[in-house]
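Below: one structure, written as structure tokens.
Lettered A, B, C, D and E in written order, each chain numbered from 1.
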Amino acid sequence: MKIGVFICHCGSNIAGTVDVAKVAEEVGKLPDVAYSTDTMYACSEPGQEGIIQAIKDHNLDGVVVASCTPRMHEPTFRRTVERAGLNRYMFEMANIREHVSWIGKDKESNTQKAVDLASIAVAKLTQDRPLIAKKFGVNKRVMVIGGGVAGIQAALDCADGGLEVVLVEKTATIGGKMAKLDKTFPTVDCSSCILGPKMVDVAQHPNITLYANAEVDSVKGYVGNFEVAVKKKATYVDWTACTGCGLCTEKCPSKKATDYFNEKIATTTAISIAFPQAIPKKASIDPEYCIKITKDKCGVCEKLCPTKAIRYDMQDETVIEPVGAIIAATGYDLFDYTRYGEYGGGRYPDVITSLQYERILSASGPMAGHIKRPSDGKEPKNVVFVQCVGSRDKSVDRPYCSGFCCMYTAKQAIQTKDHLPDSQTYVFYMDIRAPGKMYDEFTRRAMEEYGARYIRGRVAMIYPKGDKYIVRGADTLAGTQVEVEADLVVLAVGAEAAKGASNLAEKLRISYDKYGFYMESHVKLRPVETNTAGVFLAGSCQGPKDIPSSVAQGSAAASKVLGLFSKDELESDPQVASVDIKRCVGCGKCIETCPFGAIEETDFRGEPKANVIETVCQGCGVCTSTCPQGAIQLQHFTDNQILAEVNALCQQPLVTSFE
Amino acid sequence: MELLDQLKEKIKERLPELDVVIGWEQGFDPLHATPLFMRTEEDVDRLVFSPLCVHNLASHLTGLKGKKVGIVVKGCDSRSVVELLQEKLLVREDVTVFGLPCTGVVSLKKIKHALGGLDKVASAEFNGNELKVSAAGAARVLPLNEIAADKCGRCQYHNALLSDVFVGAPVEAAAEDNYADVEAFQAKSPQEQAAYWRDAMQRCLRCYACRNACPMCVCRDHCVAQSREPHWMTQQDTVQEKWFFQMIHALHLAGRCTECGECERACPVGIPLLLLKRKINKEIKELFDYQAGTKIDATPPLLSFKVEEENINERGW
Amino acid sequence: MAAKYLKKENLVSWLQTLAKERLTLVPRREGDAVVFRPFAPGQDIPLDQQATTPPKAAVFPQCEPLLAFKYAKDPENPGKVGVQVKEKLGDTPSVVVGCRPCDARGFLTFDRVYDSDRASDLNYLTRRRNTLFATLACDEPASTCFCNWVGSGPADAEGSDILMVPVEGGFVLEPVTEAGEKLMEQAPLEDAGDKAALAEAVKENAAKALGEAPDLSQAREKLLSLFDNMDFWEGVSAKCISCGACTYLCPTCYCFNITDEQSGAEGVRLRTWDNCMSYLFTMEASGHNPRPTKAHRLKNRVGHKFSYYPDIHDGHIACCGCGRCIKSCPSSVDIRQIVLQAIAASAASE
Amino acid sequence: MSSSPTYAYYPGCSGQGTSLEYETSSRAVCEALGVVLHDIPDWSCCGSTPAHTVDHVLSAALSARNLAQAETLTGVEGIATPCPSCLTNLKTAGRRMLDPQFKERVNSLLDTPVKQPLPAKSVLQVLFEDVGPAALKERVVKPLAGLKVAPYYGCILNRPPEVMEFDDCENPIAMDRLLEALGAEVVPFPLKVECCGASFGMPRKDMVMRLSGKLLDVAEDNGAMAMATACPLCQMNLDLRQSQINATSGKQHNMPVFYYTQLIGLALGLDKRLLGLNKLCVNPKAALQAAEQATAGAA
Amino acid sequence: MSAAPGNELRIIGFLCNWCSYGGADTAGVGRMTQPTDLRIIRVPCSGRIDPLFVLKALVNGADGVLVSGCHPRDCHYAEGNFYARRRLEVLKRFLQVLGIDERRFEYTWVSASEGQRWQEVVQKFTERIHELGPAPKITPDQMAMAETMAAQPR
């Protein structure tokens, strides 16, 4: 082979503590190295041109650059060698900056280490083979999982961009958490007024197919060609017939059904429509409470329904949707505050969650917008807000900040004063986190204009005293304990990963953090991509987010999908496993261990053999280290490539030396 | 009826539906049995069964893929069949297992030590718990427990674990295996251990009898020991290379080895190879509470994982 | 020189003398095996039985560097790389003491191949010419011995330089070649006297104990006639596990493989033992393998030894009858049986 | 049941003085319910509250000596003690000694080293787990019907949870269930695990007045006629200091403060002398009579 | 190729690309000074690391081998490190009969953000290897000596 080696100075970053000229000289002695030099900035325009020129001048068939981490510039240099006519995989990089010059003090040792690392790269390159990406077609349909504001935004943007969209929503209506909110910060404008039109757009958009009351069952395939099985859960109402007139809900005699939309502060009928602006505005039956389904009596709704839409015998149904990309927008759930025994653990009726309070505040909520205590219906005078319930608390394994609680607490304090001018609000907080546009001003208004008393400290205990509650906490600014007598306590419960999030992640083969939030490809630079090609993230499933951020991410994910679909064919990464069919004995151990189900058994002249589905393979190489005879090799990280590297560092002496 | 006669009868019953049945017959001298491939009733008449039937016939199974094969197994041999089935390297319907109870087989090496050589054996006869041998003109009586294979002394599975036809009365006994041999070897210093392997590996011929006798070595013809793609080993006859092959063999058998000891028995230059595999088995047992070749529906431990490993104590690095 | 007598207690001092001038290989017990190793004073020399391995490696090492090479770069133009080559020859004078007649005779099979009119293998020849054999005649055959089948016997001196016949209290040494005679000169010998007669008796008894050898004269043709009878070969090879124990322990198997290994700028070309029982032995680059099954391969081993080789080498059978392939076979495959079966089978089919 | 639950018993110093009635009633109740207690021979002080603030090893050694003494007893499944403070020290010492190095340091201070620390439990835990409310209920001869009682566990019986490993640390229910089994009416008492002021009775009497006063206030607000405690110090602050609290706050509490074992003893009809009701400062007679009348009236 | 004469020992690291290699980068970016003995080989996933690579290195003269991957549950490929954990643990214990001091091999988990942790790991492991000193090598001299030793009567 003829290998060119380029040792980068990186200004003084490398050259300061590594004798780069010496490295170039030493590496130049290797038999396969035909050209070796040092260069000031390999990644700069002249640096890259130098590499291209050397390839041409010396007829090189491979290049090693020893510079910074390959995680930074490997793609850059691959393009460089490609411009010079080499295959992009005939390139190796040695990291002599992060792994050498920046961490070692002794120049002599650093220089030797740099020589070694460059030699490893040369050794590997001698085993490199040109790899060529395969092309495959793309199904330009996208599935959005989750119909909250992020999912709605993503669906609408994709649909407006001309893509066919399948929107899958777990509950009976889209709208998500935002639909439950009364007002939004920092403008205190009506939540449903701004979300409602978007929901209607979804319902009416010709490119959007909406499956409400449905969940993703399984995901097969790969980017460009997924096959998603969607389970449509039985609603016991034929939605093609239902007009959403609501007659059934008025007459349903079973009125104790759990009202999930109203966060269980009220009950609803067994057949119900979540709320007046629900999309789709269709009735569905809660089979747990339906008298007809549980006891085979009643049947009122069936009799009343003008379009004869009631189907008591309806079963779950699964539909297969072929799509090319998937956006996960599954949102969040609320922290279960009953884990805080000191706040009553759910025993006190007037200690409620912030989202329950939203439903109380909402004019279309069960209390029609009048603030009343759930226990006795009395108007509260002192309302105490407790922040960071399930946020920034290691003791309940929620060390993270939920991000939006400070703001909605301020908003709720303002609204409380608006609704009940005689009321007094108290807010126990740890720090006020209001970094958004107009956010800090907003919290100031709550304090200054609406008289909310902010107490900096955590609440230690809430206990009833008579028909009131004593909220005891620290006032860390005053250095004292405080006790506030409250009529109503609102807990600013934090956000946690949606129930079932990890389950869905496993179906989508994306990773999630220890709290169940989905992992983006790169915290800063690839915020809506995942490590599974073709799967994107939007909204709070990636981490708690307020509405503006969720909407922004919805749009960002949509633009990623539109970008992906702007090509008719995609290229697969050729760094995938490949089977030497002659060596394969068909034992299936690779199939057993592949984390991606990317290996299948095929029949080759009557013998079972392993076959890699290249578009599914992610290139981890577990199969290669599993196969005893090395018949399946991860391209670009083959046994021989790694062995060459090991041998470059320590090889037993040959049985006889030349001399 | 004698066990052997019963066995012959059962084999003859099933023979018409089978391509071949593997058993043992008398070999070239009175101490050596040799594998017998029975296709006719006359072949069956040559069948023998005694503590001299040391071979694990399961090693021949994967080579007979696609054929209807009957196989006579001792308890230990049956584990190999179970493991092969578990790894889906055999088709259950194609294998008919004639299971036997076994009280132990001999170690020819031990007999060799006792007699000072095996070259001149004139006769050998089992009498209860003794072996009567005459060799080089002298007669000797060897108690079976002194010449039994090591694996028999710690045998937990005297009766075939899997059989389509079980012949004879099951043996009740089951010994404990506390891996005392491994513990004892482990107690040596690393220097002593290294010297031990260096000396033993020096005489390795790289004949790969250890590999080819192994019932679980199914790669045989494609073994990495001789391939250039991948090029794990050179053909240099250094101790490092020979030793490294044994490491490869042991690790490729991790969680799969049924400890039949064929590797060690087959070695023409007497390298104690089973120790390496037993060490790994000991750890597999401790780490994953798993013994290869005991359950057809288990998953080999190194082809699976648990998110929380009970017994892997990560060392807090 | 006539036969001389070497007292058992004088053997070591003779070996010490030999070891000063030559690499002196003697049997040594290692673990459960007896192998040929350089003589060291004070060591125990097991001579009562045939060694586990033959002294084949003394002349034909398991791994032998044929040459070493080195890439040298043009300092002016690093892209220009030259290769320097140095041939490696093993020319250490050696002597093997205590091998058996069959062991020494095995090299005759080699010689016809590596030292012929058509080809001469310098690496082999250099070692061959520098290695002498002081062979110990057998007093009693093992159950696996069949040297008399292949035209030899327990006191066959062909291929040896000295024949040592074991008698009560020592050995009667008979010089076979001039070189052997020279070696004997350095030994503390006594006149054989009446020991010579004892030695003759030992030889006679041993030959008698081997019994009558079957007639193998038809084997050549009959094996050939069975070439396409794969049923026969599948039958006899069924218990074979395709390992290389038989061939690597065989004093007459001379096949090898050649590989290059490189470390940095230096490399070696290695000749290593190979064996026809291995699937890879005939594996072709195309992926085609003319001997895909062990039946094909065992056919080759038996056929080569008893038919194809004799065919082109004046009827010399490429087997010395040492019996190691039987004794050390993990499955006790018995080449004698196969040959006899072949003769019988083709007789039946005729 | 195979055999009676058997424990090494650590009485603690308070039991020899200020909480003699807790000690005697605990023993009586255990005996009546078939829990066998063997006194730890030659037991010594657990170190109480000061020791661990000075030196962890020395503090652990104090309890470790008792752990070692307990190991001389045969057939015991653990150590039982009525006093939460003693329990904390025993459990903490046992837990710290899981660290072999710490254990070695502690053992080096002892004549007889601790082999394997026995698990320590409160008598309450023993009664709740080994006897249980259901079995207790069957043994009741004189139900405490009509007695509205606030269960007060004190701040350290269940905390820190990783050491005490019993019941919910914010809302424990073991005593509630036992008292309910006796027929008593357990009133909701949100301050079950609040601090009574503990040993600040000496240096900061005002603090105890305030904290214990609040406990009494809330108990009364919730309709309690009496309180039940499981801790000698809590009982002392609430009972002995009740008149001082009244004097400070100007309130008129007359709230008897029982050890829960006394109440169990009453319901089981045990010998009054063993229950030591006469040792209580706030006379319980009125409350007990009121309860009786209420039941009688209802009947 | 041998380690720098004098002070350095030959330590080989196998690091997964996504977590530990990134962690080593992070340590570099943070200028977290480390001993210079370690030579890193980058692999996509700790699951790619055949334990035989480790043995190959150790048999052929490495003084220490360090493997590092993503923390369990955080594998870029979801499961690779779970397999690695089992295999490497078995490997580590296997060394106990091979006459290779098991302390010469270690495996650990370091995430891309844990630069400081990486620094500590390298520091600690390098110190350990230096305490153990150079690994015993099988040299021709040693073989010759062994032969002489073996020739002694037993």
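By our rule, a contact is a pair of C-beta atoms (placed from the backbone, for glycine too) under 8 Å apart; a residue touches a chain by one contact, two chains touch by 3 or more.
In this text, all values refer to a predicted model and were calculated from it rather than measured experimentally.
Shared contact partners of chain B and chain D comprise A. Among the remaining chains, those touching chain C as well as chain E are A, B.
Ranked by separation of Cα centres from chain A, the top chain is C. Ranking every chain by how far its Cα centroid lies from the centroid of chain B, the top place goes to D. Compared on C-beta pairs in contact, A-D and A-E come out with A-E as the pair having more. Relative to the centroid of every protein C-alpha atom shown, the closest chain centre, again from C-alpha atoms, is found for E.
If you average the Cα atoms of chain A and of chain E, the two centres end up 34 Å apart. Annotation: 52 Å between the Cα-based centres of chain A and chain B. Here the spacing of chain B and chain E, counted between their Cα centres, is 34 Å. Here the CA centre of chain A is 70 Å from the CA centre of chain C.
Along chain B, residues 199, 202, 232, 236-238, 240 each make contact with two or more other chains.
Residue numbers of chain E whose C-beta contacts span two or more other chains: 1, 51, 56, 59-60, 73, 79, 83, 87, 138, 147, 150. Residue positions of chain D touching 2 or more other chains: there are none. Note for the complex: chain A touches chain D at residues 340-342, 344-345, 347, 461, 463-466. Chain A contributes residues 2, 28-31, 33-36, 58-59, 582, 647, 651, 653-658 to its touches with chain C in the complex.
On the chain B side of its complex with chain E, the touching residues are 182, 185-186, 190-199, 202, 232, 238-240, 243-244, 247-248, 250-251, 254-255, 275-276, 279-280, 283-284, 287-288, 301-302, 305-307, 309, 312, 314-315, 317. On chain D, the positions that touch chain A within their shared complex are 168-171, 188, 190-191, 194, 217-218, 221.
Taken together, the chain B residues at the contact with chain A in this complex read 87-89, 218-219, 222-224, 227, 229-232, 236-238, 240-241, 252, 299, 303-304.
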